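Have a look at the structure below before the remarks.
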């Protein structure tokens, strides 16, 4: 079997982008180093989303910033720590062939315009706008919960770049479909769903919140059924390309998201237990699955569950 | 040690109600039979919330209505099946000393007024209004997502009864604190948080949604960190008695909810794996915990985490 | 070997066996079901149609099990109509099991219709343990007699025996399995009586066993949604049929006011047995 | 024995040992830490203050382990100040381990400061396996010499030996552990060199080992948030120190352009080693 045939079977289109397979790195996971991106690409990842980048470098919150919960779930409040637009454009400057989305976070339209100005000449395939970080004031979710702000920010990004824009939504206090609709109306091409859910953990011996920020975002296996539901509802109602994210740890989870309507998926927390080689093993298993099912191309399964 | 002493240590006050211990049965779990309530009371449960009752009997959805997920989480869409107000008041007519909240669900103020007329003379301690069932149209969450409807329904219930009213909130598309505030302003005494979260599961072999209703509510261990966060935020912001619910399966989980601000807790899904005797074992362990910590009364720990 | 019984398995139907015009057996490969204890049940998923509780039927192939369905409402009819190669899902096996005392030598098994399904698994086990089993099966009429050949195979070459009764006398002994049981227990001593079938039949079996001071175990049925002790729809007095049962002994049954008297329908209202 | 290393344990500090004016050891009971492999680390929680990675220190009591802290910034200072009876939390032990080849007979251990912590666990293990260990420890000055007595206890009655160096010559051999190592490897053959300490020191140790064609293993440090391969903050080239390391061999180190050259700060910007 030729390499082309192999690529053909797993390759997916998201808006105008083609990825060699539907697996992507979720934002904020291992997401600040070009060397790591190259290692992941060697492990057959389909695409990369970087850590959310802001105009200025951010130290983030003190530790604990991440808590492993039981059964493959995690709670985090890293506080969007990132090296800032300048250091990060330097980091990506040598990128050649890795399909990278840069995730952007900011509190004003100006922030986004500034970053695009720096990033847009890099070898990247698009942007993901993080409107759904559930634990940093004035960024992420607080913006995402304000439809007017969403609309303004997305239009600004749209005006400043020709590259595809994905808007990452979460389950906050605005209906996820409405949020997605607002983003699409303002010029977004793709919706990424979902980010972490606002959550908390308190230690019973010390009686204290564990995260330094007290409240953080829940990720991992716990949120998969919620992510599946959001992808299903968004893709069914809006007929836009959706990238599914949340709680994926097996090839079955990838298939489940695609059946729900995701054109591709992002994988995050499971890297903690499985390491970067999971992309290799999941893509191999995806290929076995479509061959067993007699499906020509994995993209054929996108949204099949809508029929039933 | 006398019985009184035992009761004193674990007893909790919620608004004007005193329960012998903070553990309650969550609505919809084993919740339609007086004989079962008596069995649970023999197992040392603190209080009961019944299945959500509507004016007319409801068959609910066809099966599958409940899916066990991995790691102690569940997805359900039973469709609020219940025997209706008349059969259920008959069911409870012989209740003497079991502290029962009746959970009410309806789509109009009239529905609620009708039910209270029938139920209010029974031997019950209060009502819980279900504004947060995430998977039945025109009931539960669809009402809960409409602040005006919430306000009207709660005021109507308030006008028709002198008993304490708890309003059960969930993570939908309205901010949980705002929803709680609306309910309290309209006359509710207590907030129960949280209900299940809208979620979905698709089978990868048949490519079909599993629940007959396709979308259902996520319960069990997955949602605990979200429930803890909601209880923390509601009790911190509104200073009202909160009953915590969601993903409790151990005494540590009960303590965690109480530290977050819950005066009592409701326990549901874990009954699937642990059976009714879990109330007995959890209350025993709670007693050991407070003795080890040198705490006189478990209610002293309510909301301690707010201090840090 | 898989261990999480809650995990839904999707299986291909390997074989279908027409037992009577309205009863069919579907055979499939599933390790957990193969190792089911006698009396346990599966929650069988008919995709996009229903999920219904079904006792685990024995099958001769290693690693295989089966369900035997009586065509009834939407769910069972749709399952009945599945063909070889179709996909169905299942979780379980759930519930407790028929218990065989260590010193048992002779047992009496009384069943009717698809109630025979768990009893055949029990009979197989008892006979393997060299316990002499007297099996009394009832049916309304000749065409509804179930599993006769299979049962004969199970008992062949052993001291166990089979009595087939039809209400209308078109086959075997004329009369109900209950009236036949009454005769049998008059002449022979048994360590235990086991029964599964329509509730009023079981009620009669339990009463006769009690009158004759024989221990008895009955597998009860109630409307089930979750099958695992969460929803409460299967409650009978203070018991949950799915979690505490389905099998109860004479002592437990004697305290159940609703046994043979009332059941709850899909919305939880109490209905009297006709 | 507990098995989920990700589970946070809250332990009471059982004993505190002042090692130097700025270094303290906290002893606590924790089965998982007691069984830690040499080189593994814990994520130690100082409630409402910080969570910091700490190598697992040996302790003589069964079921007990320890951490040895150098007072530095907020987190380490706050941990340093904890008293007997105080509660701290921990998860782990995480990371890979120093490997001892099956045929090893003689190893060289070169460490400085709290970098000695994982090396002492290694030395204990090596000596138990009858591997002759030459331990070279460095400190800037006499008051900063760490674990000398403890190490003497570990090696007493064995063929192993200890060299203590101070940069300023106020105690033991005058000079760095690196210059001492240079002398030692000239006269003796070793199966492997193990090192942990400041990165530029380790870089020198690794270079000398390479020049002398001795296999080498070094335990690296980078800023860690998660400790388990999720956040990426500990990346060094394409490696994650927490998940792929902390221990790397000479072959891996030779491909790491950033080793001894740059590290990333808390926001992920690359900084050159001074």
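Labels for the chains are A, B, C and D, by order of writing; each one numbers its residues from 1.
We adopt the following convention: contacts are C-beta pairs under 8 Å (C-beta built on N, C-alpha and C of every residue); 3 or more make two chains touch, one makes a residue touch a chain.
Treat the numbers as computed from the prediction; the structure is a model and nothing was measured.
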Smallest count of steps, each to a touching chain, taking subunit A to subunit C: 2
Both-way neighbours, i.e. chains that touch subunit B and touch subunit A: none
Maximum centroid distance from subunit A, chain identifier (CA atoms): C
Whole-Å separation of chain centres (CA-atom averages), subunit B against subunit C: 36
Approximate Å spacing (C-alpha centroids) for the pair subunit C, subunit D: 64
Approximate Å spacing (C-alpha centroids) for the pair subunit B, subunit D: 50
Contacts with 2+ other chains: residues of subunit B: 70, 208-209, 308
For subunit C, residues that touch 2 or more chains besides their own: 47-48
Chain contact graph, described as a line, ring, star, complete graph or other shape: line
All chain pairs that touch each other: A-B, A-D, B-C
Of subunit D, residues touching subunit A in the complex: 4, 6-8, 10, 43, 45, 47-52, 74-75, 87, 89, 91, 225-226, 228-233, 235, 237-238, 240, 243, 264, 266-270
Residues of subunit A defined as touching subunit D within the complex: 28-33, 35-36, 38-39, 51, 57-60, 62-68, 70, 74, 76, 78, 81-84, 87, 91, 203, 205-206, 208-210, 212, 268-269, 271-273, 275
Contact set on subunit B toward subunit A in their complex: 69-73, 75, 145, 171, 173-176, 178, 197-202, 204, 207-209, 214-215, 218, 221-223, 225-226, 228-229, 232-233, 252, 255-256, 259-260, 289, 301, 304-305, 308
